[in-house]
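These notes open a run of structures that come right after.
Next come two complexes, and both contain subunit A; in the first it sits with subunit B, in the second with subunit C.
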Partner chain A sequence: MVTPLQSQVLLPERIAGLLGLSGTIGQIVGGLLGAFIIANLLLVQTAVAGPWAKRKITAAFTDRIAVNRVGPFGLVVIVADAVRLLSKELVIPEGVDRPAYDLGPLLVPFSALLGFAVIPMGNGIHLADPETGLVFAFAASSIASLGLVMMGYGSNNKYSLLGGLRAIASNIAYEIPLVVTAASVVVFTGTLQMSEIVAQQTQPLLSIAGVTIPQWFAIVNPFAFVLFVVANLAEVGRNPFDVPEAPTEIVAGFQTEYSSVYFVLIYLGEFIHIFLGGAIAATLFLGGPAGPFLPGFVWFTIKIWAFYLFTQWARSAIPRVRIDQFLDIGWKGMLVLSFANLALTAIIVGVIA
Partner chain B sequence: MSEWIAIGALGLVAVGIPLGMMAVSALLRPSVPEQGKRATYESGEVPTGTARVQFNIQYYMVALLFVVFDVETVLILPWTVIYRSALDQGVGLTTILGPMLAFIGALVVGLVWAWRNGAVEWVKSPLANRRKTERNA
Partner chain C sequence: MSLEEPTPDDGAVETLPTGADEIAELLGDLVIDTETHVNAPGFVIRPDTVQETLRRLRDEAGFDHLSCVTAEEREDRYESIYHLTSFDDRQREVSVIVPTTKDDPVSESAAPVFRTADWHEREAYDLVGIDYDDHPDLRRILLPETWQGHPLSQNYDQDRPQIVTLDEWENPLAEDHREDEGDTMYINIGPHHPATHGVLHVKTVLDGEQVADVDPDIGYLHRCEEQMCQTKTYRHQIMPYPDRWDYASSGLLNEWAYARAAEDLNDIEVPEYAQIIRTMGSELCRIASHMLAVGTFALDVYGDFTAIFMYAMRDREKTQNILEDLTGQRMMFNYFRLGGVVWDLPEPRDEFFETVRDFLDDLPQALEEYHDLITGNEILQSRTIDTGVLPPEVAKSYGATGPVARGSGIDYDLRRDDPYGYYDELEWDVITEDGCDNFSRLLVRLREVEESAKIIEQCADLLEDWPEDEREIQANVPRTLKPDDDTEIYRAVEAAKGELGIYIRGDGTDKPGRFKIRSPCFSNLQTLPEMSTGEYIPDMVASLGSLDIVLGEVDR
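Let's turn to the complex of A and B:
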């Protein structure tokens, strides 16, 4: 059996220790404060990613300048945009299904934030470490598609309805390749616990000229890594798989009828979702917060931002696939390849071990 | 147990932050009760009827397949967890790998059958097919 390499103190325990609390009170207070810290770390990153970095990256790809008027590099536009978006009038369309219409935008950021509970972010920023961590992260991130369907059905708009249905189609087509590819990593680790998956990747794979290459599963099984990243793009609904929104086909899909704070919440949820996708990929395949010289949290941030940059690159560079092509790629390509990957991984591990 | 308290705390925070943003927005935003802007968007036309209509979602067979494969991933994950430690403890490769390969194989045979029957095809309505042949002719 594999034993933990190091006993890690989780964030709630550390906060409770700092405050001198213990027992259930300490767990609750530490948990709430830790959750607040993690949520705010993500809000800050989303604030930079949404109104600023997305514009700058797309502008760089299309040879434009983008925001540069307010503050250094136009960074203060984040504050201006936050106030602008929140102070817009909330227009509720005729005939909307009220509870569903209002709950949908709440569910999307909720699901993405909840997934971050089990992600180890380095430097002890790790809220919870249950044995079922990996499965929990997938489960939490899938709640979002429920929110998308509620928005699609609740809006009383035909474009929204189509967007909601496409959101389910993409979820059911790419969820299985995603989980089965992750299962091929679990074959190596033998556990679903996130801290343990990260700890096993710190072990050396081989040494070349004094440089030790760690056993990151992206290096051990690059095929699974590529599959996972592609399925992840579809899961978070980014180009070339952004068929649920598809602005040139169905206006904006499920978010057509949303304005003001609801629009902000949907966008917040989608960006946190991209970061969650990047975080799961980093934890499973890129050693989580591990890396040379810099502190763990910095490496973790670099890795999830690299995934974010990749989604924006794909957005600028690759055309969107059609909805029937999209389902074909999922069911005829990704599903078969992910099962082949799982079976081959199990056979290779069995023969070598 | 304590980890689920922490996860529950993040769940509370993850509901609280959106609610807080909604409260801030409710304080900031104007309210202009004018009815014309409440029409749903239909490319600038006056909307016809509601969006609650019956129509072919075109992938219901795929949705049924999803249930099969989703249950299957639930059954595969425990096997992947114990796979390596079982091998380390000297369980034979055929004992631990064989049944799971047979299980995946049965499902793949099912997928091939569904594929050949056109269940994973994008269902085209008869009207769309007729129009397509008319256009090609």
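Let's turn to the complex of A and C:
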């Protein structure tokens, strides 16, 4: 058995141990504190990604400078923007369907945060490690679709309705290829447990001139990795698959009627979703928190930010596809390819193993 | 005037009637009187023979382009003037004048013959108050439905209070659709929408994601430009207004439209040197305008924050810097004067030419980049090819001009077909694309930038070598211009968006009696329902972007 990269002790237990608590109280306190820490780690990253990094990255792609007035590198603009957004008037349009209208924006960020519960982030930052970890991550992130429908339907706005319908269509069309592609990794690992998936990727694939290349599934099966990343783009709704929002077509889709704190919640949710997409990709294909020299958590952060950078790059450079083309790609392209990938992987694994 | 190419199998050389006598012969009894406009012979006809006259002129004399419809109220009558010309030979022109009585201003509609007459007659009804019989949809176009009175009519009371109600919009197709077969949804796109490029309101009916019906609702930016020009003197006061029609960087092109009409009306010869400066400045404006068009089109297709938009703005900025050196202004130039331009090139001249040449040297590389980024992109191609199709016959019937017409394979460019300025002395080509789709219109604009660059380069060479003592920037123009009473002229130039025409009727004073602007965007926008019915919403948005409308010019 290979030594696991991370300590098998999960975050809640460690916190309970540090606090000297045990039993049920230890589990509850440890669990709550652990969840609090992980949520804050992500919210901090989102705060950097949303008002600041997004602008800086887009500016770099479009030959501009972007925020640089407040604080070093303009970083204090994060605070300014947070205050500005939260202090705006919360406009509730006439005839909205409450409480669906109010619950939608809450569901989006919390579903994504829930998904992070099972992601091993390195250095023992891992809230829970159930045997069905991967399924839990997908299930949690899919709850967001429910939130999108609630927003689209509850807003009493036709653009919102169109956006909500598009969001559902895209979720159905791309969730299946996404999960089926992830299943091809499960065929290799034989388990859905996240820690085990990560652990198996630390095994050496081959050694060239003394450098050992680990068995990351992105290297073992690059085709599946590409499929997964593309489906993931659609799942998080970024270019070229940002049809549910499509600002130049349907204004802002499901979030047209949201302002102030609700807008912030949706905005947060989208970024956490991008990070969750990156985190699942990193865990399944890039060895999770594994990497040389630097601590695991740093590597994990680099990997999810790399995915974030990729989504922003796509946003600046790739045209949006039309809704019918979008569904064609999903149902006729991605679905077929992902099943072909799954079948081939199963055959190869069955023959070799 | 040149004549049509004879068809080889005809044997005898067949020519289309062009002279006043020939046209009079063709129209026969339909003509009740004749007039002479500065640009064309005019034929007065009875108000109930409009369709017959126009159909005969279109089918038998090749006048297939209804460029403009001017309506006005005179002392004793209402008048609609149909300015006809030909796509094949722009210099063949004829005016058809339809007078109606004051008591009963009803005239037959030309919309069944030329579809472009639909909107033009609606505008005439709205502003002047002429009723058009047999019109498919005669309602107000610029002003709200509830407006009382017609602002350009003589007895209009401008102090009368107006109440503009906000109606709940009804689905105009609701009646047509059986409820159990499928529902349509009415949706307002605009007046505040990211993709309408200004305050345009598109009343859209959707069937799922597809567009079942589109009705552009314009007038939100109506600023009475025509009426304002009528209250200003020819010599200096009108020139600042054209900058504000198509305000998205085509100022000099618009100024030229007024300058050309007013100069021809008053027999002013523009010195050659000034013509070259005008030509160069205008082409710089065209590049700026096309850059903006390409950038915003990319925005419509890519989504917000595309790199292409910023690149296009950057290149537009370069032309604006040069124009600022030349005119002292970045957008509202007010640089032309009747008889020339206001001042010579900036000193030191060498430095100015260097700036221009630097820009021209960098341009091919920049265009290469655009082609890499946009036209070479497969997703963009799949989005734009065969969407927003506008067949040439339809485009002609709607009076589409400029890149919209040339993207439908219509070889029509006033710079070549009705030469003015210095264009006929220079080497350049008219660009056409046969695709008739959004992609073709995009390509036409990108390729026209290259042609404009050629023109600018030749102009810069000419200006640089021009002998110092012959640099005449303005003709000797009287301080006050008073064209004779009842002299009428309709003149057009090739603006960035197409044929920008000006009709002026002199009334013996130093101010125009009637000033009419034929906006290319107005006619081009009319093709939107034709292009986008049955397509997806994203394609409708892309088609709107490919028309490159500026609402300031649509609404005037």
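To be clear about the criterion, the second predicted complex is superposed on the first by the 346 of 353 C-alpha atoms of A that agree within 3 Å, B and C clash if a C-alpha of one lies under 4 Å from a C-alpha of the other, contacts with A are read in each partner's own complex, and residues count from 1 in each chain.
The definition used in the following text is that contacts are C-beta pairs under 8 Å (C-beta built on N, C-alpha and C of every residue); 3 or more make two chains touch, one makes a residue touch a chain.
Just so you know, these numbers come straight off a predicted model, no measurement behind them.
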*asked:* Just to be sure I read the superposition right, which of the two partners does A:Val83 touch: subunit B = first, subunit C = second, or both, or neither?
replied: first
Winner on subunit A touched-residue count between subunit B and subunit C: chain B
For A:Pro247, using the defined touch cut-off, is the partner it touches subunit B, subunit C, both, or neither? Pick first, second, both or neither. second
Quick one: is A:Leu114 in contact with subunit B, with subunit C, with both, or with neither? Answer first, second, both or neither. first
**Request:** Answer with first, second, both or neither: which of subunit B and subunit C does A:Lys158 touch in the superposed model?
**Result:** both
### Message
Under the stated touch criterion, which partner chain does A:Phe36 make contact with: subunit B (first), subunit C (second), both, or neither?
### Response
first
Original post:
Which partner does A:Val321 reach: the first (subunit B), the second (subunit C), both, or neither?
Top reply: second
Q | subunit B versus subunit C as contact partner of A:Asp63, first or second or both or neither | A | second
* Asked: Taking the superposition as given, does A:Asn239 touch the first partner, subunit B, the second, subunit C, both, or neither?
  -> second
Notebook entry, point to check: Thinking of the overlay built on chain A, is A:Val211 touched by subunit B (first), by subunit C (second), by both, or by neither?
Noted result: neither
Subunit A residues where the subunit B and subunit C footprints coincide 158-159, 251, 323-324
The residues of subunit C that touch subunit A in their complex are 185, 187, 193-195, 209, 298-307, 309-311, 314, 373, 377, 379-380, 382-383, 536-539, 541
Given the complex, residues on subunit A that touch subunit C span 58, 61-64, 158-159, 162, 239-240, 242, 246-251, 315-325
The subunit B residues in contact with subunit A across the complex are 2-15, 17-19, 21-22, 24-26, 28-32, 37-43, 47, 50-52, 57, 59, 62-63, 65-66, 69-70, 73, 76-77, 80-85, 87-88, 93, 96-97, 100-101, 104, 107-108, 111, 115, 120, 122
The residues of subunit A that touch subunit B in their complex are 1-2, 10-13, 24, 27-28, 30-32, 34-36, 38-39, 43, 83, 86-95, 105-106, 109-110, 113-114, 116-118, 127-130, 135-136, 155-161, 165, 168-169, 172-173, 175-176, 179-180, 183-184, 186-188, 190-192, 251, 256-257, 260-261, 264-265, 268, 323-324, 327-328, 331-332, 335-336, 339, 342-343, 346-347, 349-351, 353
